[in-house]
Amino acid sequence: MHIGLIGLGRMGSNMRTRLRNAGIEVTGYDRNPDVSDVASVDEMIASLPSPRTVWVMVPAGKITDSVIEELSEKLDAGDLVIDGGNSRFTDDFTHNDLLSKKGIDYIDAGVSGGVWGLENGYGLMVGGPKEQVDRVMPVFDALRPEGPRDEGFVHAGEVGAGHYAKMVHNGIEYALMQAYAEGFELLEKRSDLLKDVPGTFKAWQRGTVVRSWLLELLVRALDEDDDLSEIEGYVEDSGEGRWTIEEAIENAVPVPTISASIFARFVSRQDDSPAMKAVAALRNQFGGHAVKKAED
Amino acid sequence: MHIGLIGLGRMGSNMRTRLRNAGIEVTGYDRNPDVSDVASVDEMIASLPSPRTVWVMVPAGKITDSVIEELSEKLDAGDLVIDGGNSRFTDDFTHNDLLSKKGIDYIDAGVSGGVWGLENGYGLMVGGPKEQVDRVMPVFDALRPEGPRDEGFVHAGEVGAGHYAKMVHNGIEYALMQAYAEGFELLEKRSDLLKDVPGTFKAWQRGTVVRSWLLELLVRALDEDDDLSEIEGYVEDSGEGRWTIEEAIENAVPVPTISASIFARFVSRQDDSPAMKAVAALRNQFGGHAVKKAED
Amino acid sequence: MHIGLIGLGRMGSNMRTRLRNAGIEVTGYDRNPDVSDVASVDEMIASLPSPRTVWVMVPAGKITDSVIEELSEKLDAGDLVIDGGNSRFTDDFTHNDLLSKKGIDYIDAGVSGGVWGLENGYGLMVGGPKEQVDRVMPVFDALRPEGPRDEGFVHAGEVGAGHYAKMVHNGIEYALMQAYAEGFELLEKRSDLLKDVPGTFKAWQRGTVVRSWLLELLVRALDEDDDLSEIEGYVEDSGEGRWTIEEAIENAVPVPTISASIFARFVSRQDDSPAMKAVAALRNQFGGHAVKKAED
Amino acid sequence: MHIGLIGLGRMGSNMRTRLRNAGIEVTGYDRNPDVSDVASVDEMIASLPSPRTVWVMVPAGKITDSVIEELSEKLDAGDLVIDGGNSRFTDDFTHNDLLSKKGIDYIDAGVSGGVWGLENGYGLMVGGPKEQVDRVMPVFDALRPEGPRDEGFVHAGEVGAGHYAKMVHNGIEYALMQAYAEGFELLEKRSDLLKDVPGTFKAWQRGTVVRSWLLELLVRALDEDDDLSEIEGYVEDSGEGRWTIEEAIENAVPVPTISASIFARFVSRQDDSPAMKAVAALRNQFGGHAVKKAED
């Protein structure tokens, strides 16, 4: 099997390596000539056997849009585009519409695993036509972790289902991280009593109800910095967490822990909180409670 | 009517003034001789007609406990103690048990109104024996706002009911403040579009669904500092908010907005968040996402 | 002053009455001939002096879209359309673009006050060009409550600012309602101690920190049904609450109480919760805890 | 090694089996003679070599209190009591005080693993004097999972540290479960798009960021009942979740996801929500919105 791969950043280049290790031929293109196998998208396309398969692994949004548009112009009927980036599932519908007008097929693939995917394999959730999913199964089999296929791969439905599943996956991920984080703070706060916070997390790795891969990563982090004093509690968030909330709102699904997780990240990035200024101002107004002056 | 009043801080001294303005005779005692009417509790007690009524207005917890204990030793059967401080309602049971052994009656009075109470009157929620509540009604009538008695005063039940009502009142208050505060931040954040944040709050004072006294106070605060840039978003919390959550947990009552309000205050007082350090560490571990170094 | 008014439902017909009571001439149109003053939009337009002012008061979304489109075709340059419905502020940009191509001006007006507006007046938040806002000020003055103009009306900014303010108003409103509701449940749950729940709310109306119009409405509700046993805890939500969350997410504003309020409404409408089925299933799996069978 | 074990319910009897499989001699006592090895606590004590070790595995609270009290009377100086139940860590202080007066040592052991512990081993978090912890390490080694000791066991600090760690463990557990549960509902709700909900969870078991033991249990549950239609979304909660919130409040630690998880359980057990009745009543009052009559 021989596929094209557009986007050779951290994720894309690792995936190229894993695919090649599994015997899949990959022609990778990136704007950065240092990592690109070919000089242009055209050259990449020309290198591929027909029907062609092009895996897109670029930032979601406008960049993915423009790559899909370019491919819709340059590929032929019967070819296949797989969007493995973190696109919003609603964008899949647009991308599929555009490509299907040219007879080009489309698969959306949610990919989980981060920097560990190269070694461990990537969890895959895909949406799209069954015939094409079956045709490129060697690619999915190369990327996914070892073990039974259905424990690391799912054909979740038609176009959009893969990224929908990945979006929900990330929403859950946010809340899982926040859960451990609240636990960390509770343990830290009583370090007068609980003398070994890193050891406690370490001991949860076997036998307990809370054991998980994220827990193992937290143990690794605490191995490196046992009270996390070297880093700031400043946390970015990406599109998928936000979309999960929006989709929940759209479908009247209560998501208190997922939303709490994303709000905690918002707060973590604020130098000062306008909302809490307002609360401080109110307390001062009715109770004469002192406020901290901003210049303090 | 002539009563004793122990505790002449901001609240106590205002209440003394309001009571005297209404024709109630008050003998006030405070450890601070500058504000005290008498030199000792004994002197205060000696000044009162029998059956005596002593209103206690000191900080909740150990100080209130010790004052109640002292009164249990110095008052006589048939006398009455009113705890108007912010005691936990469960403490009322202890105080009442102690006093009732001597035949001394007890009323717990939740008092709301802050620094505005002197002028506007205080909202009162009381618990205790009906006979005594009726006997000291002139005191309650003097303290409560003008208007129908039942719009500023309630005899909510037996001992403990007054402080229970006040506790819930304060839990609600926390969430109300947070609600306006979130709205303030939403308006501030889009000041590119919404050009007049103080004017918007001001315009909500009549006709809207969100009009309230707290809104009026926020308008006052914005009159003084139109973007609240002079104060920090640092907010203390008092016992009553915490007790509300604990009581909710005890009784299996879901209180998502009240708890969110108190958690927001906790966060507002943190220099850095241990929990968010943990989340940052996790993101770094699985995704290679950059972390902010603490020394930045 | 003489204006057209499209949409004579509960809100629209009350507004027509209030405007007429204040001496504003109104030609109202509704699809329902029983309440309409004229037989058609054309007839309504023909009745108006130039430059014409047409107030649109129809359901947000497609119906408002179609009315605005019709007006864009039938009005002339220099005329003015005011959308007083609950439109999303982002729709205002679209509406304004459409109308401005014909030289027609546009004002978005957030209107608060519900069924009480006829009597009390409506809180108004408007966005749009100052010249036009000034021109139709008699209309706003007729609709808003008595008292200083700036306590019931704000010109909050350019087009969209009015509905943005109204959206945030409604987000706050959701959280305020939830706050009182949590308090109600806390009081009800301890009715063994707190014997007079309606009386407690009633007593909060004067002097307390939590006094508000919503509190007064809750007192009214409890006057009619003192434990609310006659109604179900089933609560709809409208667009504005949802949009508030979406806008908060978009702008990285933490809104824990507003989101908690909307999630509580979602849950209130579920016969059973898929999420809680999953939690029950998990407890059963790891702990052997009994589950309730669905047919129980 | 030979120890006594009081309490042979589901957990206790499984632990006895696991201990015996590892060569630890166990004399178990339970009020139920069908499972008990001996007829009385006295007989159990008499069977043990000195210094004696008695593991207590009975319900937390009054029952544990009475067992500890009985042991304080019947054991000798130098003996050891281990409380492996779900006691509140603050009770450990009381139990330790009582026992230490007699020179009896005390270890608190948080035990995680549920019904799977027999087969997989139990995660252990213990608090108490190092000398005693070292002495009974063969017992801990027998109970904990295979693998490195520090991945399934921690000596977390002095008395109380073990149950504190277990309490926080359970708080985290609540939030983790809720996170997956919200994800389940999000997937279910869009089953028009995402056709294979159980397959999606199954596919998350390898390679993804959200892989965990709880996820594997959810996969098991969905294998048995693919849409969970057979069970009700009704979920109990135990002391440890509640204590986590109370401890968080006590220490000013924000725990939005843990509290959201417990509130969701509270709601799941309500036939109708008093709070949402109040919200429905308020909407009806200000907007004339219809309410559902309770008899509907």
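Chains here go by letter, A, B, C and D, matching the order in which they are written, and residues are numbered from 1 within each.
The rule is simple: a contact is a pair of C-beta atoms (placed from the backbone, for glycine too) under 8 Å apart; a residue touches a chain by one contact, two chains touch by 3 or more.
Per UniProt, the chains are A, B, C, D = 6-phosphogluconate dehydrogenase (Decarboxylating).
The shown structure was predicted, so the numbers you read here are calculated from the model rather than taken from an experiment.
By that same contact rule, can you tell me which chains touch chain B and chain D alike?
Of all the chains present, those in contact with both chain B and chain D are A, C.
Compute the centre of every chain as the mean of its C-alpha atoms, then state which one is farthest from the centre of chain C.
Result for the farthest chain: D.
Weigh A-D against C-D on C-beta contact pairs and write down the one with more.
Pair with the higher count of C-beta contacts: A-D.
Rounded to a whole Å, what is the gap between the Cα centroids of chain C and chain D?
Measuring from centre to centre gives 46 Å for this pair.
Indicate the whole-number Å distance between the mean C-alpha point of chain A and the mean C-alpha point of chain D.
Measuring from centre to centre gives 32 Å for this pair.
Could you say which residues in chain B touch two or more other chains, in rising order?
In chain B, residues 114, 178, 180, 182, 185, 189, 209, 213-214, 253-256, 260, 263-264, 267, 273, 275, 286 touch at least two other chains, as defined above.
Based on the touch definition given at the start, go ahead and assign the chain network to line, ring, star, complete or other.
It is complete, because no pair of chains fails to touch.
Please give the residue numbers of chain B that touch chain D in the complex, ascending.
It comes out as residues 209, 237, 242, 245-246, 249-250, 252-256, 259-260, 262-264, 266-267, 269, 273, 275, 286.
Okay, in this complex, where on chain D does chain A touch?
Those in contact with chain A are residues 89, 112-114, 117, 120-125, 127, 144-147, 150-158, 160-161, 164-165, 168-173, 175-176, 178-180, 182-183, 185-187, 189-190, 193-196, 199-200, 202-215, 244, 247-248, 251, 253-258, 260-261, 263-264.
Could you please specify the touching residues of chain D with respect to chain C in the complex?
10, 114-116, 177-178, 180-182, 184-185, 188-189, 214, 217-218, 220-222, 225, 228-236, 256, 264-265, 267-268, 272-289, 291-294, 296
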